[in-house]
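As structure tokens, here come the structures.
In the two complexes below, chain A is the common chain; its partner is chain B in one and chain C in the other.
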Partner chain A sequence: MSIITIERKILEKNDAVAEFNRKNFKEKKIFAINLLSSPGSGKTSILEKIIELLKDKVNIGVIEGDIQTKIDAERIEKYGIPVAQIITNGACHLDAILIRDAFSTLSDKQISLLFIENVGNLVCPATFDLGENIKIVIVSTTEGDDKPLKYPAAFQKANAMIINKVDLIPYLNSSIEILKNNALKINPNLKIFETSCTKNIGIDKLCEWLLDNINKL
Partner chain B sequence: MHELSIAQEIINISAQYLPPNKNISVKAVKLKIGKMSNVFVDSLNFCFELLSENTPLKNAMLKIQIVPVVVKCNDCLMENEITDDLIYCPNCNSLNVEIKCGNELDIEELEIEEL
Partner chain C sequence: MSIITIERKILEKNDAVAEFNRKNFKEKKIFAINLLSSPGSGKTSILEKIIELLKDKVNIGVIEGDIQTKIDAERIEKYGIPVAQIITNGACHLDAILIRDAFSTLSDKQISLLFIENVGNLVCPATFDLGENIKIVIVSTTEGDDKPLKYPAAFQKANAMIINKVDLIPYLNSSIEILKNNALKINPNLKIFETSCTKNIGIDKLCEWLLDNINKL
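After this line comes the complex of A and B, so read on.
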């Protein structure tokens, strides 16, 4: 029996490409955001609302990740925004290599704010660095206020959390205060926003914060 | 099921270290996995067994050292292990803490045998 020493990171290939993406975004002065959430929490709806408010102020680009269909890319295209759709055919998360290749199809476009909409899944996407500047986790009120405790990784790695569908609170046994407290127990540094896309609540505050972040680049 | 991608990377990295032109059997792969690294070990073992089938790592065992989550408190300056997934200082309850370890996802060494 003999021992071969390795001592390397298992995901170093992903991390190396994520670093390449990060440098690439930095050179092109792009602020990149990785959006994580369960299916149906409102990632694409929030994106549409952000695009409506910011498209005259900043050049937005979007990479959509889905297991199947181009439905999300078609929704974004209607706004005249450059978009690349990644169809993973079953894979549960995006990795840095997929982002490098998808972004190469957008490289001739003027982009200063890039949204990467990850596959709807609160577990696997948290493990893979894509080269983004920040991660935002979205949780909707209908999912229940215990989600940060049940799926801690996504909340621990995120810089900000958006609580979506706040207008539905009167109909639910779920509390925004408990949800916030649970999230802050997992990540005390989370910046928190409350939104509703159907009632147009909180999108303006979110957009102000996004603009601040871009201006700091 | 991101454990599938992780298992594939373990096989890819290990393969780079096996001496060429020798008939070798890999007995074990030693890993360090942080408690907060979002990996389900049973699932990783299952994926590794499937993916290693036609590789020199067939029948190799994953020897996994689980790394606890340790935080350093910026208020009371104590370093403590936390056991309940919540990020806080167990000594003074402050939330102003730095995570020292628990996110590891490392491949440490291979145990091999020449046939």
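After this line comes the complex of A and C, so read on.
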């Protein structure tokens, strides 16, 4: 019982700071996106492709969340984009307090589109509101087509799903149609994109949708 | 501070039950293996391949851990193997208490090799001792070659690593050599296997090693 109490306290504290972040982003006219996925689904690769297409059209900023290493932040920094790296030292998710603190290091930058790349974990990050405008869940074709049923929370809470690595489908016992149907069973409102970073597929449509969302702010 | 206290209590309780499980397995001459990986790395597919090769040589039992669904237990049941399904209802890892309770449902079965398929999560399950003899971490080639550096705990605690989906290497910007080197930086004692379930690669070597381990009991 004490575990539940403590967890509730953590979430209450988190939600209060998430509200602070949300107001802060709104005041600064920033559209914030929380990217969720398993390790190795291609979050950073998709970010790189989005940055290539959009960096001359919109001011992008990135907060990278990792358990260890600053590999991802170094990949993003090469594009001349403002980036803050959070190293959680073992913790399995980002929370709103970490985002508040990381964002404060970017407060002098002109940002209108902020990506928050969460820790690679399809379970725990789904529980924590960071103050973002939308959540996007990324699932790679190589993970199989049953993941939305087995890890429903991330798919329930997401506004959009990116099916990445679609170029590998010919070599897999996995179906994009079954994956889509399973995701829509969990969340009928999910907007779905299909991408491949190595073959440059679908990033343009994803970017159009992102620009539409920013323009609606 | 209170969070740490509670976590310590949870881990102390867990470790006491893990010791109970370990003694229980030892008395019954059961070799228990805790399988850790990200979602979709191929834990269940590797289990199916091992069962095909070993089921006439050794009495296998399986405990399946999933957040939702009994898809994995149903896959294993087709082989006529005793299986218990744990559905965690959102919880991100298995613990020793869940294993004690799940194993009690298998106590009338002849088992000498017990596989525990943990929840798909490369982070949280690494912290919880289940009373197993060894931990095996599975990483798929499609997850990239930097995962041991970014998620070190699972690789530090594992006795062996299986690099799965090696048949997809020609289509990836990912190197098995770099992946191995990164894993050995984290844990120089890691025994490493390379497998593909779709192309039936490396399962024989893995099974030989498992039999060696059981025979040493």
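Odds and ends about this structure:
The working rule: the second predicted complex is superposed on the first by the 207 of 217 C-alpha atoms of A that agree within 3 Å, B and C clash if a C-alpha of one lies under 4 Å from a C-alpha of the other, contacts with A are read in each partner's own complex, and residues count from 1 in each chain.
Throughout what follows, a residue touches a chain if its C-beta (ideal position, glycine included) is under 8 Å from a C-beta of that chain, and two chains touch if they have at least 3 such contacts.
Predicted model, so just to flag it, every value in this text is computed and none were measured.
Look at A:Q68: by the touch rule set out above, it reaches chain C but stays clear of chain B. By the touch criterion defined above, A:C92 lies against chain B and chain C together after alignment on the C-alpha atoms of chain A. Of the two partner chains, both chain B and chain C are touched by A:V123.
Of the two partner chains placed by superposition, only chain C is touched by A:L168; chain B is not.
Once the two complexes are overlaid on the shared chain, A:F115 sits clear of chain B and of chain C alike. In the superposition on chain A, A:F25 contacts neither chain B nor chain C. Legend: residue contacts after superposition of the two complexes on their common chain; A:K13 is shown touching chain B, with no touch to chain C. By the document's definition of touching, neither partner reaches A:F193: not chain B, not chain C. Once the two complexes are laid over each other on the shared chain, residue contacts for A:K147 go to chain C alone; chain B is not touched.
With the contact threshold set out at the top, residues 2-3, 6, 10, 92, 123-124, 149, 152-153 of chain A are in contact with chain B in one structure and with chain C in the other. Only residues 1-14, 91-93, 95, 123-124, 126-128, 149, 152-153, 156, 184-188 of chain A touch chain B when the two sit together in their complex.
Residues 1-2, 5-6, 9-10, 12-14, 17-18, 27, 31, 36-39, 85-88, 95-97, 105-114 of chain B are the ones that touch chain A when the two sit in their complex. Across the interface of their complex, chain A is touched by residues 2-3, 6, 10, 38-41, 66-69, 71, 90, 92, 119-124, 140, 142-144, 146-147, 149-153, 165, 167-168, 171-173, 198 of chain C.
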